[in-house]
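Think of it as A, B, C and D in the order they're written, each chain with its own count starting at 1.
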């Protein structure tokens, strides 16, 4: 039962408008960027998944944005409170030893910051660009922050200057789609972190599947188990 | 705590419900699968199926809607890949079988029989598949015909899973008994529709998921159905629908159930099947009941 | 915000559901009854009824079960004592009528007609009464017969309230339309069973309430039913089942509803009917819709 | 809409095992012993009714005992928090100018204490006996406190000494039934505060009815609206 975790809250602080950074003390032994944890929110039936933003000696950090009852429950947690979660779940980014462009949108910055740390610690050159709707939603840590506009508009320029060999991205589906198109056009490898509503969180219910191309065939893949990170080329968009 | 339906032995009366536990072995990181009474597999069809396109899950007040559409690996791969693993790991399982024609079910039954599958649960009530499937569960004559045919091909423990989306569950239960099944499981999901409408920047946005409703919200319906089924048949009943704690088990026993399946709650607390079995065993011991049968009798006697 | 079904005018599309609002005037300490679109009265029978003995209420996850058993003052006292008060206070009401034979309903219809009652909602689906009542709601031929007969005696706005406890709601809706009703309301409560078992000092104690399930837990079922009814008829639909907030109204519109009844939520927040009417009006104004009809059209168009 | 109330919590303190005294600041103008308020508990569908223990200048006091989700929600309320309730509801004790014996059982002491205050302020002689299961559940304020045993056993002795002309009582149904029997046997008037699960709280749903004898006929009465206090002689026990 190694992936059911009872943690305790270490910190839960506001970092931007309606956005919080939550640190959890736990027994988790390993976690990588692109993986997530699923938090039990007692007012809700289904667990809520959140990308891991950082991991060190069992302390897991996630960023969460207030949406509905689930995130409002998590917001109510105070230092020392218990938290029930599953994790680390899913398969994260498959880090390549290549010059990396990281593209985040909104709260999608969370796994990008973790990835950046992992790349840095391996000495892989990288550049993180993130977009936010407005000033007060900005979360720090990017090499370039776009406010208001779309991160996609800046990709040609950055690609020109930085000459990445691979793109990693996390954000709303529309951004991931555009990143995929861009990567395809520039013949770059891209890995994207997908989202859907999860029920089981672990691959058994088949509630979160998308279509992917594998071994030349269109197949189902469970985002929670086979992803959330997928090779952009493999994703068959609906 | 072991119980027996026909010749099928389970480790305890707590069964993981079909569709919420995959093919059992995937859950090993999250609970002790070998301690579960039995696991009902994801609904299995003759051919592999990829299920429905689009959104498949919708959370509701105290419940959820799913429209998976029977995504499964097909009976062939199940027999080849899964059975050996389940055997090796000493996992007791029930094959949950679905089809769209009587022939589908008959063939599945033969394959199950040939491969020594000890228990089979007929899903005649899946509301997610457009073809014939649902019809068997809503018409007593077709259901009788279906179960009789399956019975001919299958010597193991035959369980028929009923749908609550009918006017007269009693007639269906009676037909199932007459056709020679060994047990009834109830209930499958209720027909439900989830709609979410948002108004953003002068435009409406909509998400819609039409499928099967499960979880705590359906427990009162499930209890009512189990009680009605009990009036119509003496077959063992495997009760389910919103079970999440020990006292829910007592309620289902009181309504007429003999064993239990746990569905949606596996998603909320993935070790719930273990927890319930432990709590049940503990309750029996600490309060001086002889065994599970004794407890069941005592609960059925309460006025 | 006023809407019209046949010749029946309501102040707005928010109706207090039968059985949850008494005979309307009792609620005056808790909400502004005269501002409610209309109030469906407690189910009224020819003779006064005292209802069921024993426990009548059971709370469930996100809902409740009731087995009131149609306690009511009877049509005679309603006409004599209540109608004058409702008129004086300018409360728009719908007579919710129940019976156990076609004759009961026909007589109620004549009395309603003679006394100028403008709208009548036939409860053919009350699951709490042992006699014939439920049968009309579950069999399309009896229902057709019943509604036709009532139609002959009654010239006002005739609404038929359907039960969800059936296999084919579509057929029932079609029968109602064919028989000449002006609208369908849906849904009545789901059949539910509430059991509470406690173990104290070596003894089990049980409470059991078998009746109708209502509240948020049934919303997905209600939405699914409304959508199915919409496929079978062009009649206006009054949607209900777990409505508690503005977005619920949008969901019901999207499924096919034209107006709404609010039941259980009156118990939680007794001014909910006022609140919803205000919020709806406000939404229409602030977002530049022409009127309620316009909003309805826009919502029905969303993909 | 005079009976929908938004109040604020003034105090919420433990007074005995699992028992709390809650004071609410409100606009309520009038309240009498035997009446109750119905508190909205957001995790639950139905409001929770509680007898009024005291009332002064808009401040309502109730005692509550932890049972399930509803009372645990109320327990979580802190000074200054908002509370949504209906009240004062129901018809309370019909105070007679007679020597009064008050019989409480457990948390049923709450309306008895209020009644005692009202009797005292009118100068009506009274005696309150209350029973509790064990020492740590005792709530103070009675003239005699019974621990462990049944209050009923003490009624003959007290009646002998105190010679009451009327009995008022609140507690579990079994106690009320015995009080009624006792009163009948001694030809005393008795008023008892009944309980059942409430849905509407205001008399419209007919969910909480009991049978009573009125004008020579057995009729339904809604505990929430026609009671909770009834003349013991009128109650037809199930």
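Some observations on this one:
Just so it is clear, a contact is a pair of C-beta atoms (placed from the backbone, for glycine too) under 8 Å apart; a residue touches a chain by one contact, two chains touch by 3 or more.
Because the structure is predicted, anything quoted here is derived from the model rather than measured.
Any chain that touches chain A and also touches chain D would be listed here, but there is none.
At the far end from chain C, in terms of centres built from Cα atoms, lies A.
Averaged C-alpha coordinates put the centre of chain A at 47 Å from the centre of chain C.
If you average the CA atoms of chain C and of chain D, the two centres end up 35 Å from each other. Centre-to-centre, using mean CA coordinates, chain B is 33 Å away from chain C. Across the assembly, chain B contributes residues 60, 62-63, 216 that each touch 2 or more other chains. Looking at chain D, no residue sits in touch with two or more other chains.
A linear topology is adopted by the chain contact network, the touching chains following one after another without closure. A list of each chain pair in contact follows: A-B, B-C, C-D. Residue ranges of chain C in contact with chain D, taken from their complex: 19-22, 26-27, 29-32, 42, 50-51, 53-60, 62-64, 66, 68, 71, 215-216, 264, 266-271.
Considering their complex, residues 60-63, 65, 138, 165-167, 190-197, 199, 202, 204-206, 208, 210, 213, 216-221, 223-224, 227, 242, 247, 250-251, 254-255, 283, 287, 298-299, 302-303 of chain B touch chain C. Of all the residues in chain A, the ones that touch chain B in their complex are 1-4, 40, 44-47, 86, 196-209, 219-220, 238.
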